[in-house]
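The structure appears right after this line, and notes come after that.
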Amino acid sequence: MSDYKQTNEVRLLISCLDKPGIVSSVSTFLLEHQANIIQSDQYTTDPSGGMFFMRIEFDLYGQDQTFEQVRGAFEEIAQTFEMDWRMELASRQKKMAIFVSKEDHCLLELLWKWRAAELQVDIPLVISNHEDLRSEVEGYGIPFYHIPVTKATKAAAEQQAIDLIKKHQIDFIVLARYMQILSPTFVQAFPKQIINIHHSFLPAFIGANPYAKAFERGVKLIGATAHYVTDDLDEGPIIEQDVLRVNHRYTTEQLRVAGRQVERIALSRAVSWHNNDQIIVHGNKTVVF
Amino acid sequence: MSDYKQTNEVRLLISCLDKPGIVSSVSTFLLEHQANIIQSDQYTTDPSGGMFFMRIEFDLYGQDQTFEQVRGAFEEIAQTFEMDWRMELASRQKKMAIFVSKEDHCLLELLWKWRAAELQVDIPLVISNHEDLRSEVEGYGIPFYHIPVTKATKAAAEQQAIDLIKKHQIDFIVLARYMQILSPTFVQAFPKQIINIHHSFLPAFIGANPYAKAFERGVKLIGATAHYVTDDLDEGPIIEQDVLRVNHRYTTEQLRVAGRQVERIALSRAVSWHNNDQIIVHGNKTVVF
Amino acid sequence: MSDYKQTNEVRLLISCLDKPGIVSSVSTFLLEHQANIIQSDQYTTDPSGGMFFMRIEFDLYGQDQTFEQVRGAFEEIAQTFEMDWRMELASRQKKMAIFVSKEDHCLLELLWKWRAAELQVDIPLVISNHEDLRSEVEGYGIPFYHIPVTKATKAAAEQQAIDLIKKHQIDFIVLARYMQILSPTFVQAFPKQIINIHHSFLPAFIGANPYAKAFERGVKLIGATAHYVTDDLDEGPIIEQDVLRVNHRYTTEQLRVAGRQVERIALSRAVSWHNNDQIIVHGNKTVVF
Amino acid sequence: MSDYKQTNEVRLLISCLDKPGIVSSVSTFLLEHQANIIQSDQYTTDPSGGMFFMRIEFDLYGQDQTFEQVRGAFEEIAQTFEMDWRMELASRQKKMAIFVSKEDHCLLELLWKWRAAELQVDIPLVISNHEDLRSEVEGYGIPFYHIPVTKATKAAAEQQAIDLIKKHQIDFIVLARYMQILSPTFVQAFPKQIINIHHSFLPAFIGANPYAKAFERGVKLIGATAHYVTDDLDEGPIIEQDVLRVNHRYTTEQLRVAGRQVERIALSRAVSWHNNDQIIVHGNKTVVF
């Protein structure tokens, strides 16, 4: 990938009510602003009056304007069609905060992919309600914040986390097996910006001890679900799901090992898609382009 | 596969409490009865006093005794270890009844595999609460019985089905998208002998309209579960599960198409395993050897 | 799906060298011709001067022009950008010919999906070099043509097939386990219009007896590849590939059963994509939108 | 898992020509030596005179003899049936050496699973022909040996590695993307003890640059193969294979990322099976119990 691409690739995401002329207006705008479309993907829920979703990747090859100017100029079109939209410079690395508790598998999968440059993101901090993973995180040169949570201190602890996130200008948060339920206050402070990995194939086995339940039920597949966090626990928009095959010989512990494997895979895919601005959330569903 | 194998291959399935000496007794018995073990698989739930499960395939190569004699002689060992067991001659084709309603995909998958000799079974009859699939079934040379079911006639209809099943000495029943709930009377008449395909990845989306629910929920995988039927609707021992990947572009109808695909696959695998005596049911779980 | 959609949905596929202004021109054209874009997907191989590929689904909601008029009018844009393009009315059912030999699994998978309306296509004829599958095909109400092929008669046999295909105005041909190698003359008569299912995971195990080879090699997965036919045997553009897991217990015959299963799945997906105008062939590769 | 199990679980693996009485002799032997069979799996290639393969897990619950005594006593049965066999104490952790070059993904997957106790093995050393991964390995507290390899020094370098392996009494070697071809001398020194991960779905794309080849060929699946190393490069007995789905949008680099993902999965499964004594190699194939 050339420097050219690094500095000029832009991603535009649009949701709005479907109306005639949207693609034409957007693409003509891009042409007039010397933008070359690399890739685009568009989907309408219902051709006779549904929702319109679009993702465009384009290059700004012209010398006459900056990304900010183009973004500013787009506002007019956005207003015309009453769009919910955002325009992102691909070269601007997003800032991702990771929340963990004691289990390290999802954390380490993300840190690996980050170090291998498979996940091009900044990680200014990891927050945990336990000390356990400090040395691991600091070994990667990433600041580790221990914010213990008890019933009594929960509100203060969340505020402390919010302050850190705001101070570091975090773009999105990944709950990498963070075993605390976030309050509505916290969740609403970061809408569509918190990704969780659920230790199950939703909507099955919601709640505690899913592997013991799966063992009791004698399932033949173990799944995991990556989703955005909403107030409704375990019910936010699903981003990705995957499964692994198991059999009667698996103990509850071995189901847990299989679960860790599939959690890593599903979460890292979801994070990668979010980071590449490939996801539009609409209601309780995701459009993954 | 030679005629030799056809006529002499035997399958022995055993469940009992684990005790020292079971394998030794069984294998010594087989040696004494001139049986050559082809394949065996054994599993103990807990080495310090759990359940013992075993499946053995063996050939009777000796000329001095019949299958019936060997089976009769095994009774003594079975009593010693208080076994739940059965011994089946592989060359005896089982008799399978298929129950359908209006949807043909699972039925046709089974009929195909049967005609292609991928599923070596006899199919003396298909029973349906609708006329729709008569010509299809009769085209395969299989008798089709239309037994309509209404609330008022349900008990009589089930009795009619039971009579047919007994008359044809059916070994097991496959509910290939049979859209009627069987009564406890019916279910208890054929314990561990009724296989159902559930239009979902259990335990998710139990009940009606799973694809509409899946569409609303925005799932990324569509699953199906083949299981034995017990009184507890949708809760019998799981035999096989599988999934197919879907995305936001799938309409409810397209999810249904994906569902049909995965139902066919999961059901035909489960039927094949049952037919080959590969399954031991224990409590609400299956051991698939 | 409404009648409205049935009669007015159009698919436009475009390949050309990437240049500024293509999307803008196309979408403005569609707006001016009262077309509403339902779905679009676009991909550029290389942002600094590669190939441009696009697929658009749109509805013609206006009353003032026919599909033919819109298609005719598009010619001007196509010439400007030197496009390789086609515009298809979704409601026009394509005509598909199926070639078979003796094995029925791929044929029956297609016929099922056709009858279940999962595959919306016309099948004016099935051609075979053997009589074996006649009654099966005719049972579906489809004419069956037996065209035997020997070394001596091959050229004449192919000409007979070509005549039938032209007479029935066939849009595309599916080789559903047709065990004859087509001549360059035949292949060149239907460029990018012949889909084959290869009994293997290309590029592995090219040639005869793949399952015996797979058995000898002790593989753990069995695959199949659906591809367009070109002169270079087994080397045309890949459309779809899939695999099934196997193990050491599988005999060559059981590998063959697994192979049939995966061939059905891969072929029926490829046919469905082709039928829905989702595939653009470029060189020896496919873009599947 | 209790201490009891830790200290007394034994695994017995047997290959020999099939003959009457093997299972009976083995199980009677185990009964007489106060061993309780936990799990057993047996397979015969051909019921009329093929190869016999068996794996038994048993517990030595008696106090009267040691593992060594039981193993010694088994020799008599082994000689009777001319068995190729081994008996392993599950509690004895095997010693695994890892060979790497510059790529870390397979190495780190193994180290993670090792630290998470998902892979219960000792890792006395990592050997590399490059310095790149030293700090990573040493961070896990594992000695790292840099043994550079040039054409001129290859024989001496291999001897140095052999000396280290013998000195540390290594049980098996994992080539975790080790980019050197081992000499026949080296390979023959450790028969069936070297596991390699091949960057492809064998037998496809053998040799260099598989992802560039896969990109050129437009494949829809990316695979990897874990296998034992024999003199015949890329041709040893296959232990495990897996695939990931890709599409036309994947660049060669992204195919490489997918390849790394599937290599990690296939290799770690193969290593785990080998470590648990689940694999019997016969000729150029594996039996994985």
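For reference, chains read A, B, C and D in written order, and residue numbers begin at 1 within each chain.
We take it that a residue touches a chain if its C-beta (ideal position, glycine included) is under 8 Å from a C-beta of that chain, and two chains touch if they have at least 3 such contacts.
Predicted, not measured: the structure shown is a model, and the values here were computed from it.
The greatest centre-to-centre distance from chain C, using averaged C-alpha positions, is reached by D. The chain pair A-D and the chain pair A-B differ in C-beta contact count, and the higher one is A-B.
Chain A and chain D have Cα centroids separated by 37 Å.
With centres taken as mean Cα positions, chain B sits 42 Å from chain A. In chain D, the positions touching at least two other chains are 39, 43, 249. Interface residues of chain C facing chain D in the complex, by the touch rule stated above, are 43, 201-205, 216-221, 223, 237-243, 247-249, 284-288.
Residues 39, 104-105, 108, 112, 116, 118, 139, 249, 257, 260-261, 265 of chain D touch chain A in their complex. Across the complex, chain C meets chain A through its residues 2, 4-5, 9, 18, 20-24, 26-28, 30-31, 34, 36-44, 47-48, 59, 245.
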